[in-house]
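Order of writing sets the labels: A, B and C. Residues in every chain begin at 1.
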Amino acid sequence: MEKHKVIEIVNRVRETKPLIHNMTNIVVANFTANGLLALGASPVMASYEGEVADMAKIAGGLLLNIGTIHQQELDAMIIAGKSANVHQVPVVFDPVGIGATPYRTIASEKILQEVNVSIIRGNLAEISQLIGEQGEIKGVDGGEVYGNAIEITRRAAEHLRAVVIATGKDDIISDGTRTFVVHNGHPILTKVTGTGCLLSSVVAAFAAVERDFVQAAVAALIFYGVVAEVAAEKTVANGTGSFQIEFLNQLSNVSAKEIEQYGSFEQL
Amino acid sequence: MEKHKVIEIVNRVRETKPLIHNMTNIVVANFTANGLLALGASPVMASYEGEVADMAKIAGGLLLNIGTIHQQELDAMIIAGKSANVHQVPVVFDPVGIGATPYRTIASEKILQEVNVSIIRGNLAEISQLIGEQGEIKGVDGGEVYGNAIEITRRAAEHLRAVVIATGKDDIISDGTRTFVVHNGHPILTKVTGTGCLLSSVVAAFAAVERDFVQAAVAALIFYGVVAEVAAEKTVANGTGSFQIEFLNQLSNVSAKEIEQYGSFEQL
Amino acid sequence: MEKHKVIEIVNRVRETKPLIHNMTNIVVANFTANGLLALGASPVMASYEGEVADMAKIAGGLLLNIGTIHQQELDAMIIAGKSANVHQVPVVFDPVGIGATPYRTIASEKILQEVNVSIIRGNLAEISQLIGEQGEIKGVDGGEVYGNAIEITRRAAEHLRAVVIATGKDDIISDGTRTFVVHNGHPILTKVTGTGCLLSSVVAAFAAVERDFVQAAVAALIFYGVVAEVAAEKTVANGTGSFQIEFLNQLSNVSAKEIEQYGSFEQL
């Protein structure tokens, strides 16, 4: 995969403005919508069981995020996911905080059983939990994971038959066969709520325009990481409030030239 | 209607700080509350059927927005709307994304049947859908509408017996008899989530202090458009994040002089 | 209590990053999470009855906020509160808008009956309502209260057997025996939604690391007030949007030196 491919996919998102149906948590709904708009995509949120099948059907991508999941929303996610599957709409799953409570594990298993998920995005601790690896999760902001990160991601992709993205200091993307590492990003991302959640929605937007989901995911992570670096360069000295706003600015502004210049990744 | 009337209504909102009861979607609740506070109004959100009648009763205006509607909230909206009607509290209805799914159409029809709505605010595509005109809606951010925009708005006002506001490049306000066009605003508004939703809440705040709802609506749209222009002038080169923040600033700061200078509208 | 104690508690929050379980309203969830992250704490939101007991158990503090309460969430709050009580997790209660509707009064009474609340934080009007004092509440942003503010707070603490914080121009903290007044803060706080709600979550973070809840509360209020003053100094001329962002910045940036310099409080 070459950088020009990354740029090409970014441009395709900006030009085609895919509609992304986000079933996400109440904390990040606004930031997700503004982030997708800034990127050039069209966000929609709907979580009522009586309309999600219809919404997922017309979307370019469906995002399922369990950050503030409850039983009715879980049921609605299954309905939306099945509709997306029937209509070949890619589904991205973000198992926020899995392992923090038994219910999140049950909810995640239910989704993975009932819905054909194309891409899974979590931090390394969450990905580990998904395949029953030992790890420690503190709330929903990560934690320490023991073991080989690349191996865990690759194995998760194999077991779950999906493209798996494990984010952290470096980001790992694998479909079980092809594995990439993306070096872009900035630590301040962990101090703004919803940056992981928005990333999952951005991945859905990239998957809406690129059916090779490994390439879509790698392109999304490089793009997102470069956006973070450019925004952090301008604001990290001010604080997380300023970064959050500049991050939205740069989702629109980051150019092909900056992706070319700063993009840093490798295929293993 | 003269500009001094617009300014007078803006001042009345700022002085009387009307309480606006917003039953709105999870995406825009924060932006709506901050926007109303910046304007000088007092926001309250409540959507539980067990308290909405009591809240609507003490409010200066009630806003019903179906952006993330579900059955329980719809039931609560009807209860709140009926309470508002009994207590002569004006009701503003925002049919977000109507037509995107059958459920949104059903929910909108239910609200319009059960509640006496004073003002309806949507983009032109949404207003068209409300009266069964052909149009194309993509998600919740508008789309193309064929036909005569002014004629559609006027007809919607007649059919629905309400003041109808159809927003777009130009904004049209009609009660079926009097029709105005407001030229203010800025395209960047479409890149920040909830700017349409907040506008509907701002209209409710203006309706709380001016019982000629056409004048209230025209004043709200001129004011809001000027706020957007002043904020965009300062931030459009930076991006949508910076605009969003400056827009909140200018909701407080825009002066009578700026409304006088930039306000642009006409009665047809 | 000395200022070095305030600074010591602030540092302890920043170093230990306590996990705060927030059951709060849809308006402020994002601002609360970002505020806690900026402060150095770890936020989590969960409100489904099937997981809240598990989440509260692993948290350093539990925050219950009734800003957009409904019956299912109330039931879940009771479950979470009881779990917190069993596991010695301090519970902070924020009775947003109590008195605005009968349901909020009923919900508050239910919480106080069923859960052992460590700290209650409201504006003076809300605290008055809690103990049946006459006051006038307009929406959720305060109002006028007649009577002796210090006496009301002290009496509320006695009656409710909790540390009570009544915020306003000056903030009063009392456990019925020890009573403090904090003079820090800035009026612009009342023009940004969720600053009171976030304060309650910040109090929970301080209570997570300091088991003398009066000292935890006093430290949180001094810190929060100094943050507001520093942020307002930089942004009040621009507006509430800019303040909101700078406030998040300063939650991270405010230093021991600034707390030492600006902190202003007294024990009565």
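Everything below uses one rule, namely that a contact is a pair of C-beta atoms (placed from the backbone, for glycine too) under 8 Å apart; a residue touches a chain by one contact, two chains touch by 3 or more.
Everything quoted here is computed from the prediction, not taken from an experiment.
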Numbering shared by both copies at the chain B-chain A contact, with half separating same from different: different
Angular offset of chain A relative to chain C [C-alpha, multiple of 5 degrees]: 120
Intercentroid distance (Cα basis), chain B paired with chain A, Å: 33
Interface hub residues of chain C, defined as touching at least two other chains: 26, 29-30, 244-245
Residues on chain B engaged by chain C in the complex (per definition of touch): 19, 26, 29-30, 33-34, 37-38, 42-51, 54-55, 58, 244-253
Touch list for chain C against partner chain B, complex: 25-31, 67-71, 97, 100-104, 138-141, 191-194, 238-242, 244-245
